[in-house]
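Each chain gets a letter, A, B, C, D, E and F, in the order it is written, and its residues are counted from 1.
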Amino acid sequence: MPLQNDYFSAYHNLKLTRDDKGVLVAEFNSNGGPCVMTAQSHTEFVEAFYRISQDRANKIVILTGAGGFITDVDWSSFGDVTDPGVWSQVHDEGAQALENIANIRVPVIAAIEGRAHVHSDYALLASVIVAAEGATFQDVAHFGAGVAPGDGIFTTWSYRAGAGRAEAFLLNPQPLKARTAYEWGVVAEVVPNGKALSRAHELAELYLKAPEVTRRNTRIHFIQPLKERIVREVGYGLSLEGASSAALMKSMQAKSQPVARKGKSA
Amino acid sequence: MPLQNDYFSAYHNLKLTRDDKGVLVAEFNSNGGPCVMTAQSHTEFVEAFYRISQDRANKIVILTGAGGFITDVDWSSFGDVTDPGVWSQVHDEGAQALENIANIRVPVIAAIEGRAHVHSDYALLASVIVAAEGATFQDVAHFGAGVAPGDGIFTTWSYRAGAGRAEAFLLNPQPLKARTAYEWGVVAEVVPNGKALSRAHELAELYLKAPEVTRRNTRIHFIQPLKERIVREVGYGLSLEGASSAALMKSMQAKSQPVARKGKSA
Amino acid sequence: MPLQNDYFSAYHNLKLTRDDKGVLVAEFNSNGGPCVMTAQSHTEFVEAFYRISQDRANKIVILTGAGGFITDVDWSSFGDVTDPGVWSQVHDEGAQALENIANIRVPVIAAIEGRAHVHSDYALLASVIVAAEGATFQDVAHFGAGVAPGDGIFTTWSYRAGAGRAEAFLLNPQPLKARTAYEWGVVAEVVPNGKALSRAHELAELYLKAPEVTRRNTRIHFIQPLKERIVREVGYGLSLEGASSAALMKSMQAKSQPVARKGKSA
Amino acid sequence: MPLQNDYFSAYHNLKLTRDDKGVLVAEFNSNGGPCVMTAQSHTEFVEAFYRISQDRANKIVILTGAGGFITDVDWSSFGDVTDPGVWSQVHDEGAQALENIANIRVPVIAAIEGRAHVHSDYALLASVIVAAEGATFQDVAHFGAGVAPGDGIFTTWSYRAGAGRAEAFLLNPQPLKARTAYEWGVVAEVVPNGKALSRAHELAELYLKAPEVTRRNTRIHFIQPLKERIVREVGYGLSLEGASSAALMKSMQAKSQPVARKGKSA
Amino acid sequence: MPLQNDYFSAYHNLKLTRDDKGVLVAEFNSNGGPCVMTAQSHTEFVEAFYRISQDRANKIVILTGAGGFITDVDWSSFGDVTDPGVWSQVHDEGAQALENIANIRVPVIAAIEGRAHVHSDYALLASVIVAAEGATFQDVAHFGAGVAPGDGIFTTWSYRAGAGRAEAFLLNPQPLKARTAYEWGVVAEVVPNGKALSRAHELAELYLKAPEVTRRNTRIHFIQPLKERIVREVGYGLSLEGASSAALMKSMQAKSQPVARKGKSA
Amino acid sequence: MPLQNDYFSAYHNLKLTRDDKGVLVAEFNSNGGPCVMTAQSHTEFVEAFYRISQDRANKIVILTGAGGFITDVDWSSFGDVTDPGVWSQVHDEGAQALENIANIRVPVIAAIEGRAHVHSDYALLASVIVAAEGATFQDVAHFGAGVAPGDGIFTTWSYRAGAGRAEAFLLNPQPLKARTAYEWGVVAEVVPNGKALSRAHELAELYLKAPEVTRRNTRIHFIQPLKERIVREVGYGLSLEGASSAALMKSMQAKSQPVARKGKSA
């Protein structure tokens, strides 16, 4: 599989490095700084997560970000979301990306510093989340921006924080402190600012003491209920989100706003 | 659909008012005071929730109560629950009522003051619960009264609070403070006494900023997992509750208690 | 059914006593002291839980332990777990044991003192857990020992504590205090040391006030979602655990360690 | 419930008559002749099926049609299906209609003469289908017309005929003879032309020999697995269908076809 | 486990014999002739199926009957089914019996001669059914006798024959020929009268060529989807059946029929 | 995505060609002749199906084979399946391959000539199967070879043919004629020998008349229930199969057979 070797440098918004023990660090970023989600990164994350999942040389995967996790979204990059053909791709990629993370069959750790304000569901697909004191979780991409939160953000938060908390969190988005996310059972450990990644590496060391089959099978067992929920819920959620996006665009156009959402939310 | 217009004043125990933005307030009450559940209200709530769910002029729905949420139940009004024909109706209505609330396809907010001691599952079908400091949750209608809590009270509390808490809460019913329900993830916001409804209106204002399709689709997405659980669990639960009710009546009759439960519990 | 009468004294590691009200106390023990799980006890617990579940003279079941709940495991007693025939029995018994507890159709209370460090999933199949202040929960039998935690420990902890907490708890096992388990919604009541069993008896008294059908049907209703998860998840989990155990043994043999795990973990 | 009495004459496309034994015949029709589905009938069927389901005076329900079952669809009546607000209503009604039929808690018999070429899923929600020799099943409303068959037609055919047959039947729609539908296990009885309704009445007589609770509970038990599938699958299906409809309209508009689908399919 | 050895002769209505290869033949019978189901046999079958499932010396299990499979039911033996305590036991045993057969973790073959007119669901839990030409399937215990068919008969027939066939078969019970059951996919092989058991033995021989773990794991894999349906559906089904039974008794008593169902159906 | 362009010639056992309308033909083969499954092809099919699924230039996918579909398996190529590390890869790839086919979000047609004797589950993931008169289906890779059929062969056959037929078909594998598979609802059309692929192309032409979103969404809707079953069942199935393979190897080694299965089955 020569393709396995060359994916490390293939992605603009995901920097991949792996140490000699097989600990892969996947760092979301935009030009080395805080990552802003675009249609292009949406597409390449699907591919990246798949490659990561299939490469058996990855023994542990750490998801993190440069100066935040994913901090914002550039909705305009997605083009005309009232076009069913455009949204069809968003739908397919959105579901596939989450399934691909769920199919990473080694322990996944998320190390969060700063803002996890877009697609924190990627982090919630990890088995363990380490967050710095100053880290915050929010969903700036959906309800506050006029769009239904159907892309997995509800499924994962509902799964890990409970449905009541998830619904309120998504309907009235406010930055959620790491400490509160810890009390909700979402974050496993809160560490001083700047220490999330190093703590993730410590946990990786610990997990590496178990045999490889044990590590893989533990992940497979742990992720199975969430994977089933993703498979069952996220496609529909994305369809509902697509219709809401189109409705938003139409209502904006009706108000003579020639450029709908100006590139960035919030 | 002329029927849509005339349901507002059709119910004895549910007062319906809607403002010009489409925010519907549904207030449980008995003669304007704290609502006591009866067989008659059980029947009319099924109808009311359906009408509410189907009327697309409702943009947001707030469930609340007069001087409490639903505060007590008059079991004697249900008649001879050892008669399978009598319980058949309770079973069918009980399942249908919850499905009808789940099918309210706009954001639902519960505003709780005082006692939510009967059918708090109606409130837990809301996406967001605002509770006053002095509000309490309890289940006076079931185990403490000798009946299996099968009508959705377990399904909803288990879904929102976790199964362990729900089971203990229902087996040994004690008034649960709003603050504790908040810590359990059931209540989204605790407000000063008397402020629950006004805070619910504030949230409604906020939600109304999103397009209608976004609001509807968000609700549809959020309620789906709970709706599926209700469809799967509550019919059986009600059958189990029916058998337990009949057993209770038989044991009471055996003890020569001519009037079983004297109208009110606790 | 004369078989029903003679199972009380049939088990080496489960002491059964029942009072005249039908409250059965099942006490895990090894020679009267803290219980160490062995292959032999694994087999007999399957049988014991089934007998308990089928005997309608049991009105309430209390699970407890002598000087702890189950405190350790003797992996060596399971023999050569690289032999598929050996693991086949572990798989079948492991799934059957949990189904049998789930099929105890009367209220089940767990009374925990000291260490619940092995198969705390048995306790989490109770509707209510009463734990002494000094009680601790841990999983010494799996990931820390190099084995995938697939035997129900994840399914039950995920169900009652939430998936995020369960995954972290099992990947990096540390003693979890009763108080923390209470905050997680797993433990219903924390009592002074030495008082868990007596409090369980008080709750049993309380539950006995409800008619028998009510008690049975309440248990049936409460356990159904967890029973479904067990049926769906634990067989696969045990298969994954079996493969991981075999991998561990192979890696140990490769390191010339003639005796794999020396009888006891940690 | 005075509302119960006056729904019999409320619908333009569903004629309701009930004999003194409580056998309700619901006959699809357009002006007394073969029924052509429109947006208006879509809306009123939701209401009609709900009223039928809630009226306990209905003891048996027979679904049939005048000169066919439902024979065609007038897609243009649905308006601009590229408008998310328009499709939102189709989505909500489409899911609700099927749930409402599934909630008819008495035996439902379908009596098919002639063409069941649109929404034969309504018929497949019956427990028993009696079809005349000359009856045919087809789906003229979806794939052949360029739209994804997501409104329950796949869910019901897959459930009753098997997935392989359903997929081929819907991708390449041809009239399916009653006899073939019988061989597939969809039709329970094939009768001479003109005799479907009278045979349905004979079956109704037979079923009426059982007590009412038996009749209701049998229906509840039989429909439960299909009801669960409908709740899980049809909302998503309708969203997928909506996107496909919008895509179709866009492609037609792109080809300068000013009137999209000219009122009728085929 | 000395208990394992002594269950062979423990049951009045199930004769157990095992050859030296581990092929267990379980023959339903009443005094050596056609088996009539009673409350007593209902209870002992639960126990018998459990023992069979747990005894690893059983390598293949053949279910058959003497002069038929189970041919009739003596409803009167179940006592006063309007008593919730009486039905509670029927409910618990009914669900447990099917789970116990599903937990027989070796290949199960049903060999049917004559009438399988009661609890043919036991046979449908086999992986393979061999039926003699003259064998017939029917359900004389439920709808025709005025009772809802909720005890697994619908779940198993729906699973193996398709829901449409199952519903019609159970609502209007007629003897179903072996050949028709073969066309429906329920019966795997039709053999000349008197040859069902010998053909089952031939298949047993064939299956014994595979290793034991292969045989066990194949059964586990094959039965899993049906086991899940049983766990999900049959408890509720039995509750619905219980209410229908009570309704039947009440209606009979109302008609001054002092003895309800006179011992036998049909 | 330059990677999309270069996968056409990447696979030894899957020949990919696409016409200008986007109809992709994927032909299983070994050196241009009948395809024999090996560990190497197992690995590359995972990759191939993923690339096919992600390439939106594929509008229709036809699965076929050279001189058969997949005709045999070379078990020895999988190496030492008693090694948990070896089987871990088989498990992960086996589940991933089926998920990847299920995620081909355009209509999939299988065109079968000759023997589909290994991994016919790949064909059963198509929406429509066209088979030549002389085509046969069988499973030579599992039970007859001593291994549990857990890799999706049961899940797919059970889903499309019914569980009873699937279980018998897999326990006593015989070549199943195309005509019988048609009667079972598995094959949609039987054509003269040599005509399967051309008929598949005709169907592709037909499907291409629908808009692309319609085609994609129809596939998504149709495959969802089977995809959910695969996600739920196949991982466990593969674990059970792995244990059975190891048991087979051990039993062969015990009989002093130095080379286990000599390259080919049957």
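We take it that a contact is a pair of C-beta atoms (placed from the backbone, for glycine too) under 8 Å apart; a residue touches a chain by one contact, two chains touch by 3 or more.
Values in this document were obtained by computation on a predicted structure and should not be read as measured data.
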item: Steps in the shortest chain-to-chain touch route ending at chain E and beginning at chain A; value: 2
item: Any chain in contact with chain D as well as chain F; value: A, E
item: Shortest contact path, chain A to chain D, counted in steps; value: 1
item: Fitting chain E to chain F on CA atoms, where both chains share a sequence, rotation angle to nearest 5 degrees; value: 120
item: From chain E, the most remote chain by mean C-alpha position; value: A
item: Contact-richer chain pair [A-C vs B-D]; value: A-C
item: Between chain B and chain F, centroid-to-centroid distance (C-alpha), Å; value: 50
item: Euclidean distance of C-alpha centroids - chain D vs chain E, Å; value: 35
item: Averaged-CA centre spacing for the pair chain E and chain B, given as whole angstrom; value: 41
item: Centroid spacing, where centroids are CA-atom means, of chain C and chain E in whole angstrom; value: 32
item: Where chain B touches two or more other chains, by residue; value: 84-85, 88, 161-162, 212-213, 217, 220, 224, 232, 235-236, 240, 243-244, 246-247
item: Pairwise chain contacts, counting only pairs that touch as defined; value: A-B, A-C, A-D, A-F, B-C, B-D, B-E, C-E, C-F, D-E, D-F, E-F
item: Partner chain B, residues of chain E touching it in the complex; value: 82-85, 87-88, 232, 235-236, 239-240, 242-244, 246-247, 250
item: Touching residues (chain side chain F, partner chain D) in the complex; value: 107, 124, 127-129, 159-162, 185-189, 203, 206-207, 209-214, 217-218, 220-222, 224-226
item: Residues on chain C engaged by chain A in the complex (per definition of touch); value: 143, 146-150, 154, 158, 161-168, 170-172, 184, 229, 233, 236-237, 240-241, 243-244, 246-248, 251
item: Chain C-facing residues of chain E, complex; value: 1, 3, 10, 43, 46-47, 50, 54, 56, 84-85, 88-89, 92, 96, 99, 103, 105, 212-213, 216-217, 220, 224, 227-228, 231-232, 235
